[in-house]
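Next, two complexes with chain A in common: one pairs it with chain B, the other with chain C.
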Partner chain A sequence: MHMSDDLVIGGHKFQSRFRLGSGKFSLDMTRQVIENGGVQMATLAVRRANADGEGNILDHMPEGITLLPNTSGARTADEAVRIARLARELGCGDFIKIEIIRDSKYLLPDNRETIRAVGMLHDEGFIPMPYMMPDLTAARDMADAGAAAIMPLGSPIGSNKGILTRDFIRMIVEEIDLPVIVDAGIGRPSQACEAMEMGCAAVMANTAIATAGDVASMARAFRLAIEAGRMAYLSGPGRVIEGRGVASSPLTGFLGEQ
Partner chain B sequence: MDVFVNGKAARMAEGSTVSDLLESLGFTDGRIAVELNGDICVRAQHATTLLHEGDRLEVVSFVGGG
Partner chain C sequence: MVRRWTDAEDYHEGMESIDSDVMDRVLAATREYEPDSYTETDVRRAMSGPVGPEGFGALLSPAAKPMMEEIATLAREETRKHFGNAVTLFTPIYASNQCENRCIYCGFNCDNKINRATLSPEDVRREMDSIASMGLRDILILTGESREHSDIPYIGDCVEAASERFTAVGIEVYPMNTDEYRYLQSKGADYVTVFQETYDPERYAELHPGGPKRIFSYRFDAQERALRGGMRGVAFGALLGLGDFRRDAFACGMHAHLIQRRYPHAEVSFSLPRLRPFINGRVEPESVSESDLLQVSMAYRLFMPFASQTISTRERAGFRDGIVNISATRISASVSVGVGEHSGTGHGDGQFEISDPRSVDEIVGSLRRNGLQPVMADYVRP
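And now, the complex of A and B:
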């Protein structure tokens, strides 16, 4: 077993492999969810400010957490760049989750515009982490354009349906030499564990926690599942045999043998 | 003169700066970012950037999101 197992993205080291989306929580719960989940990186969105703001989410972020602003609301690469610049001006570093969506029903990401945005934002010194439809060719283009990680969806955002795209995510894990973070669709700890067993570098979840009966407890369940899946991956899962069984107990020394 | 902040008109005196506007609208929490006619207006320039008739500003902050 490895002594240290840091996840490195854009030159930054993380021990936690749980990325939390901070939407849909009451602000008061945010800190407890982050602490229970052992979360070291959380996403935020950029929106028009209210003068009479009812509390700033930054006040609910624990010390030392790395913020990952997203470009939600962007429908084109140019809009994503505009939002990224505003996020940087807000003063929370260079990480940016690129999220470009033109489809309002299934909320699927636009890979073509996302590839373009990766290049533009990389050129401006950002650390681009593109949310994408799992497609190996697009992932290669994003890697070539300067992505720091690849974030394929498991199923539509907010659906809690799990990893419906597993075979396509597996291709990206095997072929792309960047951290792969399953983003969107993971609804249960078992699904987060599956992603980690597949060799994904991390899991991003938001709705799965936010819609749970006990959000703080579910954050802890995800933490444990992600750790278990990672440990299983590093341990090397045992082989699968088709069409027959293989006894686990010795086939000799039975009672009554002559 | 009228300028537009987050899509809404705001009347300001001639010679007003971005800082004046933020103060008059109650954006007292410093954790905001300002875009002026499509370009970032960095914090250090809020006090010296003059507003002009028809300027379009976006004032944003972080909110929870995935």
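And now, the complex of A and C:
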């Protein structure tokens, strides 16, 4: 096995290439998922962390986890900057995943505003990791503006459809000298593996884990798939699958006569 | 200027008329919608692919009834994809029950002899402090529809007080003009809820014999004006049981659908109110069963999977627990529909009777037992 294969982002070294999104599964599962997934960096929505009262996700993050707060809820670069500052105030560090969305249906990121936010946040000393629509030119602009990594979507967030944008992500992997992390759309370990085989530096997953039958065990499956894909990339190429799940006990048993 | 379906009634002075074809398109599509024309094959087709207006109609039809369990599986899957296992808690605050309308199905009807009250600014704050102390971060401000007793500055003051105490502030008050929505947004309001009640203009006219609410189209355009005024999100609802519930739900879904297409940044959501027989003896509700209500919710989910759905305290605890496991994503907790009931300062009667009086802690416990994640706020005001 290759001796040193650290992933370096913004001067920080990581051994794990599994980035976990949080917020779609119960807080008390967070620790178990992180441990089973060997996760070293996990996102959190500032809009959730900001909620005092009922369960603060920060309390459920194990020691040693690097937080990647995101700006979800922002519709413009200015709003993203304000949320990033709030994250810093909350003690979440300097990493910031920029997420700027003006589309409530598909939740697609706005590349133009994201480019602007990368520059503004870089100037304020953040380590910007932009979530983006895989567009090579936009990725170049983000890199020029000070991005520490590029995070293109594989397919619409939460869709579990896998890497529908593979050809465009491949261009970014080939042309940009920054870690490329596939964020959104990865639904299965096999797809995570595919991303890694393509040469992506890491994979972000949340819904895929949260909607699994056994959440903790699926986290482990992702870890293994990501490691396998990385190993395949460093050696040579690989391949994919497809399918669908069904429910078990009756969901409508609670209905009354009235 | 008078906008269509208001032939019988002119716009009142000051009511803004906007340039939009959404209402005409919704009413035209609804006129063509025949719930009984669908077959099992149509429903299967809707279940297998992306759901457009045609598939939405099929899912709302009687033909879908035998497939409720299968549809529930699909609906739950869509809900999980978009919301994970998170369910947002909120509570309404009734600031006033003064009303100028004569909706014949409503407890606030101005002809009803009930105890009327409007909270003073101090009482509003006391009431909100009491609600905030329960751990809630998402509040919905409600008033009856009276520009006299709860004018825009009054609502603005309520919104301001709420935005100091809560993360997300919604308003469910009378429809207003764009500049008034803009003013309330500047005070801290994020979301606007307006129920059209029924989308059948003739039935609407029968049910609303007097008051500004009689103007069907002014109410219909409220969400558009709210979005033009800068609101972040808008909620839609038909009070199922006032008319043919399938047609009303179809129209309500189409309304939300067309608004979302025109204002893609808007956060669109649905409310799921059902007219209950005991509210008022003057309306014979069309029968809408729990199964019917669930069917509507699931059709909304598959048609607009990204839209949140709120389930009312008009429904019993067991039903609410069941539906948040399938398609609803917002649930009210510790609800008092009387004016000033949280802090004991007020004495205004409620609009309807609630069927799920559970406290925040009880709702939280119940969600957790069902493997769901109670969320107090899913929003940061940028």
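General remarks:
Assume the second predicted complex is superposed on the first by the 230 of 258 C-alpha atoms of A that agree within 3 Å, B and C clash if a C-alpha of one lies under 4 Å from a C-alpha of the other, contacts with A are read in each partner's own complex, and residues count from 1 in each chain.
As a working rule, contacts are C-beta pairs under 8 Å (C-beta built on N, C-alpha and C of every residue); 3 or more make two chains touch, one makes a residue touch a chain.
Computed from a predicted model, the values in this text were never measured in an experiment.
Residue contacts after overlaying the shared chain place A:123 against neither chain B nor chain C. Of the two partner chains, neither chain B nor chain C is touched by A:6.
Of the two partner chains placed around the shared chain by superposition, chain C is the only one that A:105 touches, whereas chain B remains out of contact.
In the superposition on chain A, A:57 contacts chain B only, with no contact to chain C. When the two structures are aligned on the shared chain, A:82 is found in touch with chain B and with chain C.
For chain A, the partner touching the most residues, choosing from chain B and chain C, is C. Of the two partner chains placed around the shared chain by superposition, chain B and chain C are both touched by A:23. Of the two partner chains placed by superposition, only chain C is touched by A:250; chain B is not.
In the overlay built on the shared chain, the residue A:160 is in contact with chain C alone; chain B does not reach it.
Of the two partner chains placed by the overlay, neither chain B nor chain C lies in contact with A:144. Contacts of chain A with chain B, set against its contacts with chain C after fitting on chain A, overlap at residues 23-25, 27, 45-48, 51-53, 82, 86, 158, 206-207. Taken in their complex, chain A has these residues touching chain C: 23-27, 45-48, 50-55, 73-76, 78-80, 82-83, 86, 102-107, 158-160, 206-207, 210-211, 245-247, 250-258. Chain C meets chain A in the complex at residues 68-69, 72-73, 76-77, 80-86, 89, 135-137, 167, 260, 264-268, 289-291, 294, 304, 306, 316, 318-319, 321-322, 325-326, 364, 368, 371-380, 382. Across the complex, chain A is touched by residues 6-7, 25-27, 29, 31-35, 38, 40, 42-43, 58-66 of chain B.
Across the complex, chain A meets chain B through its residues 21-25, 27, 30, 43-49, 51-53, 56-58, 67, 69-70, 72, 82, 85-87, 89-92, 157-158, 184, 204, 206-207.
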